[in-house]
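By written order: A, B, C and D. Residues from 1 in each chain.
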Amino acid sequence: MARKEYSFYPGCSSERKASASNYMVSVESMCKTLDVKLNEIPDWNCCGASIGYAEGGELPRHIMNARNIAISEKENPGQDIVATCAACWLGTKETQERITHSGELLADVNEILKEAGLKYEGKQPVRHMVEVLIEDLGYDELAKPVKKPLEGIKIAGYVGCQTNRPFGVLGESFENPKYLDKLTETMGATALDKYEEKVTCCGGALAFSEPDKSYVQIKKIIESAYDHGADMIVTPCPVCQMNVEVYQGQINKKFGTKFNIPVMYYSQLMTVAYGGSAKEAGLDGNIIRATKLEEIAAKK
Amino acid sequence: MADIKIGAYICKGCGIGERLDTAQLTLIAQKEGKAQVVREHEFLCNQSGVELIKNDIANEGVNHVVIAACSRRSKAETFNFENVAISRANLREGVIWITPADEDKKEIVQEMAADYIRMGCAESAKMQIPRTNPNLGNNKRLLVVGGGITGLTAAIEASKTGYDVLLVEKSASLGGWAAKLHKRVPDREPYAEPMDTGIADLIKKIESDKHIKVNLNSTITKTSGAPGQFSVDISTESGSTATENVGGIIMASGFTPYDMNKLPYLGAGKSKDVVDQLGLEELAHAANGGPIKRPSDGKEVKSVVFVQCAGQRSDKEGELPYCSGHCCNTSVKQAMYFRNQNPDIDTNVIYTDLRTPGNGEDFYRSAQNKGVIFTKGKVNEVTTGSAGLEVKFKDLILNEDVVAKADLVVLATGQVANSGIDMEAQLLAEAAAAADDKAAKDAGEAAIERVEKPKGVSILNLTYRQGPDLPHLKHGFNDSHFICFPYETRRTGIYSAGPVRRPMDMAQAIEDATGAALKAIQAVENASLGRAAHPRSGDLSFPEFRREGCTQCKRCTVECPFGAIDEDEARYPVFNESRCRRCGTCMGACPVRVISFENYSVDTVGSQIKNIDFPDQFSEKPRILVLACENDAYPALDMAAMNRFQYSAFTRVVPVRCLGSINTIWVTDALNSGYDGVILMGCQKGDNYQCHFVRGSALAHERMSKIDDTLKQLSLEAERVKTYEVAITDIERAPALINEMAETIQKIGLSPLKF
Amino acid sequence: MTDLNKAMVETYRNDFLKEVEANVEEGNWVKMCMQCGVCSGSCPFGPDWEHPPQEIFAMIRAGKRDEVLKSESMWMCTSCYNCIVRCPRELPITHIMHGLANYAHRLGIAPKMNPTRRFAKIFWDNIAKSGRVNELELSIRLYFMNGFMKGIKTGLEMLPVGLGMLKTKRLNPFGLFAHGGIKRKGELHKMLKKAYEIEDKRKGFAK
Amino acid sequence: MTDVVATNETILVVGGGISGMTAALEAAECGKDVVLVEKNPSLGGRVNQLYKYFPKLCHPTCGMEINLRRLRANKRIRVLTLSEVKTITGKPGDYTATITISPRYVNENCTACGECEKAVSTEITNPYNYGMDKTKAAYLPFAMAYPPRYVIDPSLIGTPEAEKAKAACKYDAIDLGMKEETINFKVGAVVWATGWKPYDAAKIQPYGYDRYPNVITSVEFERLMDPFGPTGGKLVRPSDGKEAKNVAFIQCAGSRDRNHLKHCSRICCMASLKQSTYVREKYADDANVSIYYIDIRAIDRFEDFYKKIQADPKVKFIKSKVANITVDKEGNPILHGVDTEGYHRYDNSHDLVVLAIGMEPSVDASRIMPGVKADASGFIDIHATTEAVFGAGCASNALDVNRSVQSATAGALRAIQVINRVSRAEA
């Protein structure tokens, strides 16, 4: 019996051989160490993401999320729904909020869910993994398993948008959230005390459709990290991770910069700090290798 | 008047004992100051010190006390004895704190202290304990002028407090404009819906209140007298006139809506379907919850445009420069009339700045929530097109010229105060007519004699020498000029309230009326005790004049900032003590120095100026006289002392009630008797004057501007006399000005008149 | 002009605000804007907006139907939610922008070539089909949405990215065939169909 | 033990700012007995911390001097400083007020000679200057403090410094043994005038008040102009003492905002217009002022003042709620946003940013006592209040000085009405 159990919503990008598969790997190791059990929602579907609006409209978009919630309530009763992906978390939470505030929507949703013999109750809180870490366990608990403090590593805590706005993490400010820094400090690393682009938007889905405009954003995010001497960037969001990491080459080409900074997930840092191997931390999943982390991971 | 027995008490505390030779000061008090009792004390303001004084008063018959210690501004409560004339010699802030402790300065510092002892005793000798005003008025009934929401509130509140009220309303019914409103802007949570005006209940209350006597169809044709003893002629339309006596007056004559026919470019007068806000209230009244119909053809209004700031906040000739404050909330309310009745009616409010302060913000939000559209734009023209009215405006957000069609257009016009005749303004107007400034000023003064038939309709018809109504402040409103003292009018015992004072809405008018009621009550209470009103509240002294000396020149009547002084048939001044604010401007104005107050007179000040020791011309010790306003300049010097800023030990400072009370003859006397320089320190004058007696500082500057000729006659340099505006915050500047004078004297040498 | 669009113009005449309130997600908030502009200033793609949100609200009130619905502006929304959290009137601006874009798209008057509109459609089709994102299919379709040659070009530009993802096993080369999506696809399709029916009924899209 | 003579014909005035002083003086000058309770060591309140008033640009201490003279001359007012109302029980016309008085450690003997201040070296942050500088732990709150009596900061008690202060006093005015005391007395009616406090600027995160030293509040800006303030009257910015010649004012900082204060604080527009003249006063033509606003609310004749400032070429008005602030390497705040009059994007650099901070009541009215109702913003709702507790000034609404004084005068009359009912009943 694990000390905590959650109904888990991994999201598309976390699938094997998908863009955030390494996130998933590290989350699994992290949770193992923390003795947190994640019960995947059976046959979960895509959240529709924010970009889903254009074709999806309102109801169809909500239905995608309502289905997941309904399945979760049926299969993993009494458990909070936990997502690791910012977009999944936001999409699901948004749907839940909207339904709680609209009887009409609730009726529609349930009428539609009948098609699949499902029912929406909306009793399970929808939470992001970092909320679980911070609120249910707390920094002290998170510090306990640290075997290899990430000493000497300077980290830019890039929070981005969707874990931060509009809901955000309890007690954190939209403009200057501190939880990611606290998290990295807890792992023994050094968080940048100044990082102006902490909550700057990476362009999100528009990195696909409007790459050039997004590059401008991403460039700011990376530049500021460099300016303050960061060794790597850490983020809680797969979209941010992907956009900030994989386009560095394009940006270098476009702006003549020489960016080559690793962009990690908090769960990767934690796994390494907890003594996990490079593999367990999914470090091999990063295009720009975090050599400093790999060294620590390699240390016996 | 009992014999004066002066007791002088010299404190040695706070370093006075260490810095000064108090024994010598004692001698001076005895020999020169003629103090019968003189005592030194280690620490005068502590219990034993105060007991000492009390004991002398009780057992030694001391009735004039000179406290030689700290500034008159400190320990005032401690050194406060009943029925005793008190003078203060300022040895701490005035001497030891502003001079260096160096040995070589000891002599001049001691001289400074000695002079303050002389001055204190001299003042005391000339002072009298005020026996209160002989012409008390005990009438405590209040006259309320105007039966609108302001007047009704003032009346009911005064009655609730236990005072009788006489209410005069020129129209045939009570309620004023408020009674014509369909609903009012909410003044309570949740600030979301128009609410009942409540005026009907209020009128009922008034009519059933036996302490309130209502006169309808009545105007005031004559007001004379003073607080506690006003006599008022009330005339009815029918022509009958009754005389009533009251103690205090609340002027709540309200406003007249700006005449929208002056705005033809906004369609006013051209189409029946262009109305002002009061016009819309009538339509709403008529509709009484049903669909509002437009005047032209009775068609149900389907679209309405509200034009904010119509003829207001404008530089155009004949339009109002100010903002009437309530109109944004009023349009919000009126737009709700439409949306609440039928949510499909287009309601568009076109504004430049939407002004809904305080919780009005909730009301604004509520209107938006009801679908009222607010457009930031500037309306240029309203025309009558085939399909109805067309409002041509510039959309300031989308930055383009637009035309909005509407069945009805509401012009948010402003409030014009019913404030009567502003004599001063008319005088200045005449004055301005004259060519250059000098001439203009003379003309202005001369004109006071002339304006017998002032233009306009008076509200109060005061028989006062200085005009029939309260002076206006700005734009025809007679608001107070003082931010800290919003009720201070320039006619004692007469307080204005409501939109006659400042454009305002009902909620503010009600609050204002309640405050004004207190002030009027306060005025009658103090009048009955012979006490002065603000700012010298409680002062029991009052002006008197030596009839045989008076030349009937009328300077006093002309210059009294409060119109307190009239003239009798023989053209002698009549002081109306209860109207007087005790500033002493009349005293300063009098060329023959016949006007005085018991505790503040030509003598009390003059003797202080004279009674100092003038060293011979060879000693190279100049003397500088500083006459300082007791409210601003004197505190500034005190605070300079607290910061240990130094100024010349040759200075002798005399506090005055107001610069206006300074008689130029003091200055010439001072120079004659051997002062080398004279400085006057008063408050800011001009449009933003800070003088709490309104004209005092300005008058002093005027008078002093003429002193140069006198100086020439005395063959003295003009630099020897300076008049400054000094603010209470000029803590560094005030001492600097004194030191400047000291240097000047160093340069030009001691006064030749010392010889 | 599409029939649907004609129909809407008919129904609402010149009252565009009413149309927006009825048919656009969170459209009934538009009237609450007080034109402070904090949203316009907060948008990361702000400079790329021809008409920033607050101006769009003003335009809606001013009845500028075509300018609004045919605008590229709403398609610049990156869903960063800066505007929402700063709005002093608590308008759900992000959703209103999404709603306007969706509405224009449904009416068939949204800018045809707008890349975000087209990507959004591809994305939705992608997930609606299998229930989950197939990233490879998604990116390939995206690259080729502007035609074959352009697609090759974009593909080549993006090659390093793709290879990187491939090397790190974050892209499945066989995804096009192997990727399964969810099991109960039929069930999802039925639900979506129903959802569209209801939404169209509510928004008067139903023929 | 402090003894207070009071009866159920006495009026209790809570708060010694301009509203409380006015209510007390107006009532006393009508012949009523008043107890005036102030929690700070001196009367004067917030207006005293202002450099100038709008629209006259005169100095608040001028009116303060007059009010203090009225106070000194009036035996009917009993002033209790460092005192707070704990409870008020009873019914209209017959209340018992319980007041706790914190020790000042200085008694009536104090002559304000300043020897104790010279004697001690310990410094404390200076509340009078909103913590922008320090003051000695034995201090006179400000030059015109009333009562004009020094204060020993509690932090000094038990330290040798305290003994030094005591030793320096020749008049036995320092009593280190003073303890907090609690007293009760009867009153007939209460005027509640506890005033306002500036909204916590740190909560307005996009403006980074908690992160950027060169973003300050309007109340702090007033202190910079005081020759005896934290900068000695120099208009310089906190980060590096650089002259603040290019100053931005951000209106509605907290006000008119559902995320902060839902009401409009009324004074802020005029305050910024006024403060723009400070910058001009200090730097003449080198001054540059930008005012970022939603609506300029300069009602009645204040409009004249607005017009005057509008005509000043050195003052720019930008219709925009600033989106957020960043800082450049030199620490210059950069304001980002959109001028909505025709859509102009800006990223403007300034030397100093002043937040025209909103007003909230210092005391949530709903906490005063049962029967006193607060509106949603915490102001006293006079219509819903059933007790003889009358709101005055900013405890009842967001008001400017002039309207606060009106409100206080009205409040005084309402209290007098209760008192007169009592005395009539007893007569």
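We take it that contacts are C-beta pairs under 8 Å (C-beta built on N, C-alpha and C of every residue); 3 or more make two chains touch, one makes a residue touch a chain.
On a predicted model such as this, the values are computed, not experimentally measured, just so you know.
Trainee: Would you mind naming the chains that touch chain A and likewise touch chain C?
Mentor: Common neighbours, chain A/chain C: D.
Trainee: Taking mean CA positions as centres, which chain lies farthest from chain C?
Mentor: It is B whose centre lies farthest from that of chain C.
Trainee: Which one chain sits nearest the middle, judging by mean Cα positions?
Mentor: Chain D is the most central one.
Trainee: Quick check: more C-beta contact pairs at B-C or at C-D?
Mentor: Between the two chain pairs, C-D has more contacting C-beta pairs.
Trainee: With chain centres taken as the means of their Cα atoms, state the distance from chain B to chain C in Å.
Mentor: 65
Trainee: Whole-Å distance, chain C centre to chain D centre, using C-alpha means?
Mentor: Chain centres of chain C and chain D, defined by C-alpha means, are spaced 51 Å apart.
Trainee: Between chain A and chain B, what is the separation of their C-alpha centroids in Å?
Mentor: 67
Trainee: Determine the centre-to-centre distance between chain A and chain D, using the mean Cα coordinates as centres, and give it in whole Å.
Mentor: 46
Trainee: Send over the residues of chain C in touch with two or more other chains.
Mentor: 34-35, 54-55, 82, 85-86, 89 - these are the residues of chain C that touch more than one other chain.
Trainee: What parts of chain A, by residue number, touch at least two of the other chains?
Mentor: In chain A, the residues touching two or more other chains are 174.
Trainee: Please set out, as single numbers or ranges, the residues of chain D touching at least two other chains.
Mentor: Counting only residues that touch two or more other chains, chain D contributes 206, 256, 319, 324, 340, 343.
Trainee: What chain pairs are in touch here?
Mentor: A-C, A-D, B-C, B-D, C-D
Trainee: Over in the complex, which chain A residues touch chain C? Could you list them?
Mentor: 12-13, 15-22, 43-46, 48-60, 62-64, 67, 108, 111-113, 115-116, 161-162, 165-166, 168, 174, 200-201, 203-206, 208-210, 213-214, 217, 246-247, 249-250, 284-287
Trainee: Using the touch definition from the top, list the residues of chain B that touch chain C in their complex.
Mentor: 354, 364-365, 368-369, 371-376, 395, 397-398, 402
Trainee: Which residues of chain A touch chain D in the complex?
Mentor: Within the complex, chain A touches chain D at residues 173-176, 196.
Trainee: Mind listing the chain B positions that touch chain D in their complex?
Mentor: 13-15, 43, 45-46, 70, 74-77, 80, 157, 160-162, 187-190, 313, 321-325, 353-362, 376, 396-399, 474-475, 477, 479, 481-487, 502-504, 508, 511-512, 514-515, 517-519, 521-522, 525-526, 534-535, 537-538, 631-632, 635, 639, 642-643, 683-684, 688, 690, 692, 727-729, 731-732
Trainee: Tell me, which parts of chain D touch chain A in their complex?
Mentor: By the definition above, chain D touches chain A via 205-206, 208, 211, 324, 326.
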